[in-house]
Amino acid sequence: MWLQTSCELKFSISCHTPFVLMLRPRSGAQQWVASEEYLLYPNVPAFEFTDDFGNLCQRLVAKPGEFTIYTSAKIKTADSVNQLPGGVFVEVQNLPDSVLKYLLPSRYCESDRFGDMATEITASQLPGYDQVAEIERWLYNNVSFQPGSSPLPVSATEVNQQKFGVCRDFAHLGIALCRSLSIPTRMVVGYLYGLQPMELHAWFEAYVAGNWYTFDATQQYKNGGYVAIGYGRDAADVAIYNQFGPPVVPNEQNVRVDLLPE
Amino acid sequence: MWLQTSCELKFSISCHTPFVLMLRPRSGAQQWVASEEYLLYPNVPAFEFTDDFGNLCQRLVAKPGEFTIYTSAKIKTADSVNQLPGGVFVEVQNLPDSVLKYLLPSRYCESDRFGDMATEITASQLPGYDQVAEIERWLYNNVSFQPGSSPLPVSATEVNQQKFGVCRDFAHLGIALCRSLSIPTRMVVGYLYGLQPMELHAWFEAYVAGNWYTFDATQQYKNGGYVAIGYGRDAADVAIYNQFGPPVVPNEQNVRVDLLPE
Amino acid sequence: MWLQTSCELKFSISCHTPFVLMLRPRSGAQQWVASEEYLLYPNVPAFEFTDDFGNLCQRLVAKPGEFTIYTSAKIKTADSVNQLPGGVFVEVQNLPDSVLKYLLPSRYCESDRFGDMATEITASQLPGYDQVAEIERWLYNNVSFQPGSSPLPVSATEVNQQKFGVCRDFAHLGIALCRSLSIPTRMVVGYLYGLQPMELHAWFEAYVAGNWYTFDATQQYKNGGYVAIGYGRDAADVAIYNQFGPPVVPNEQNVRVDLLPE
Amino acid sequence: MWLQTSCELKFSISCHTPFVLMLRPRSGAQQWVASEEYLLYPNVPAFEFTDDFGNLCQRLVAKPGEFTIYTSAKIKTADSVNQLPGGVFVEVQNLPDSVLKYLLPSRYCESDRFGDMATEITASQLPGYDQVAEIERWLYNNVSFQPGSSPLPVSATEVNQQKFGVCRDFAHLGIALCRSLSIPTRMVVGYLYGLQPMELHAWFEAYVAGNWYTFDATQQYKNGGYVAIGYGRDAADVAIYNQFGPPVVPNEQNVRVDLLPE
């Protein structure tokens, strides 16, 4: 399907503030960017680089005053999410080198502490895709979705204690559980068509049977319409914006995803 | 300055033909892409990856029939080209690791065979920027620009024999001469505002005094308005399109660069 | 100085166990490996790759039974550690792209939660090197070194609560504090000549005034004799060994560092 | 098999001369380095980095006078070379991104000019492994091996004219022919057990049926005992030493490869 996505961030800046942003989706194996815009008001010099995960990151210094970032894109993405019930677990020794880093614990996914819990949840499942699907189901049934519940990221351990959270929290706990079973898992931030309420979204991908598969424990049904902006180990790697100096939060954040005619 | 660039390539394809394209300028230290389009008629699945030089490359398979690629972008680029007369030669042992590869000979720049010639041309110059500027001047005065003169790339050695060529040929000979003096030099393809006749352009950058500087022996005066699409060792690395199978050339290639109001 | 380092790890393996190891120091800007050995008893197929941080990592599957890894190296390293009191803080917008990842929170360094504490500790210091030196001093005076106190890694938050730890814990807390001040900081594991008791060591490096500087809050005096094996964001990235499947710990770990005659 | 390899290079240096060396074999999928030495007489500061191809490269500045580099290694490598008659050609659109660069022409392999010749040589072969094997056979039968025949590298075009050469020349012509058939091909330099006369060797690898396969047109029979030091597009990428400034050639080069008892 063809989607028109947009994200507008409005800040009130009090002093010169360096930003590192991740707001430019890029074309890859799973989506094609036919057009995009990246506008700054007022305009300031901006520079782009590619991080270790292949994400396009933008650097700039915002000046005191109102500062607005507006990005939009027209993107072709899959109509439905690939599924592979029974997909086999890949033995660690057979994983590609580039995938190994997604086995390690990270800031918000303390996978070194979830081995027993993950084993218990997935006790009746075959190693691989079915374990991840069971973890996704468990999250959907046992963690309640509360929009706006964690302004600051909390870690998988904290999510597991509080048993509620936003999309990012579902992803963090899912990732921590999967990694503790030696399944490489990574976080994705981006857009989801039809999301309610509409905002930037986060989900996770697990590597089984030689490919990455999409999982999203915030949704009851697996639909298509995912548009990835960034990949990483967890929210620390894929922050839509990192700003340095006195804390700044957007006083407005407008996200839209519209279906385009073919 | 703000420029609107576009490039349209039209092919008549006789059999399924894999392409690797390099037509998406990316934001970097020297330019900012505010918006861009990348359209395929008819639409086919396309995938993108980043090569060793940081270029965004697109892969697709064109089907038999007419096939058109249309890309456009709105880009902010420098009003004028940085110059640094007297800029010092960087001793090889002090070059950054990442720059060393631009000292090696490459397909179209046989720098291992130009040492004597480069030494002679630059005999009266200080090592560094002034040597490169002298090589640029020598090229401008000794090689005649003949649009359309070499449909297939020829190498620096061949350019030096024939003493005429297109922009790509000027760049190749310039690069070969600079590298033979142990000055890292790379090729750039892209757009140049005001180019006559308007088409895709090629020039080179030399690393002196700790930075890359732009040189273009096809132009009498140093103006701004350069928009880079790809960087590499020579034309082999930065082909706008590589196609595999029976040879295909575009039967139409339309390039535009327009100045936008601020 | 020239050092002879060695590390022997002995495991009792109960089932086929995949390992990812990081035990091969590599030559770089700060040390030169003149010779090295990497022996496996019994010998099993082993493969090597380079991770995102440039570390050489080894992959193998250990068979049930006794399994010994013996590595040794003859290395030239600096006689003393570079210091730069007054070295200036680098504004985030001026940091090299490759250094930005060392500003992010990571598994064991929750830098997003240490801003107030770091600001308080370094209140009287100039931004940059002096802040880091003050944090190092604070750690040395406020955290007690207890060898063997944390068999499993604990995070900066936990170290800060318990106020004791091993070398790794000192590094994690130091890193979290520095990053919260927007100073890029990374973890190093390796050897230290003269360490008491002798074992593998961990310390941290901070990026100020355009270079990485070594800090080690476990040592009262700044001596030379550091040999780096791995660099990363924290202990999750630079584990000497990661093993997958049922937990395995070495039943013997012998580390030696001897001074060689010039 | 276990091999002991060594290479000693002796230079008479007349002025401070920067070197970039590639003399440290690294462990990878195909070989394991159990021990190695890298000695410089007189000792000078040396630094190491990894290039775009994953090779370990050493940088140093040699002082005027005698300068000797001695490297040795104990390496486990395959007893025999993998062969796969009938191995299928991989369609360009299905090649991994990282392999695409080995389709491009390079300094010494002008593959853009060998299409007709390669098609003719391999006319009776199935696309893929058998084409490469036929090219290897053609080279063995049509180019005569003359040790010491080309002190400076010559390109595939020149080798094809002169019809004689050293191992490097066989590899260059083989690579140019294979690439012109859209088969990714790369150059390898290293050691070969049993080579007559013993010296550093060069051969090539072609990517068919999802893997790299070894080809060596200088040898009548396919034996094992290959030890790779460096991989690249051609000799320009994998020079054992690049030196800058006035030309320097080793006045002595001693290479040994001995079989070790298991």
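Residue numbering begins at 1 within each chain, and the chains themselves are lettered A, B, C and D in the order written.
By our rule, contacts are C-beta pairs under 8 Å (C-beta built on N, C-alpha and C of every residue); 3 or more make two chains touch, one makes a residue touch a chain.
What you are looking at is a predicted structure, and each value in this text was computed from that prediction instead of being measured.
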Proportion of interface numbers common to chain C and chain D (over half same, under half different): same
Most distant chain from chain D, judged by the mean position of its C-alpha atoms: A
Mean-CA-position distance for chain D and chain B (Å): 29
For chain C paired with chain D, centre-to-centre distance based on mean C-alpha positions, whole Å: 36
For chain B paired with chain C, centre-to-centre distance based on mean C-alpha positions, whole Å: 43
Contacts with 2+ other chains: residues of chain B: 49
Chains grouped in pairs wherever the two touch, ordered by label: A-B, A-C, B-D, C-D
Interface residues, chain A side, partner chain B - complex: 24, 26-29, 32-39, 43, 45-50, 54, 56, 58, 76
Chain C - residues contacting chain A, complex: 18, 20, 49, 51-52, 57, 59-61, 91-93, 97, 100-101, 103-107, 109-110, 112, 152-153, 182, 236-237, 242, 244-245
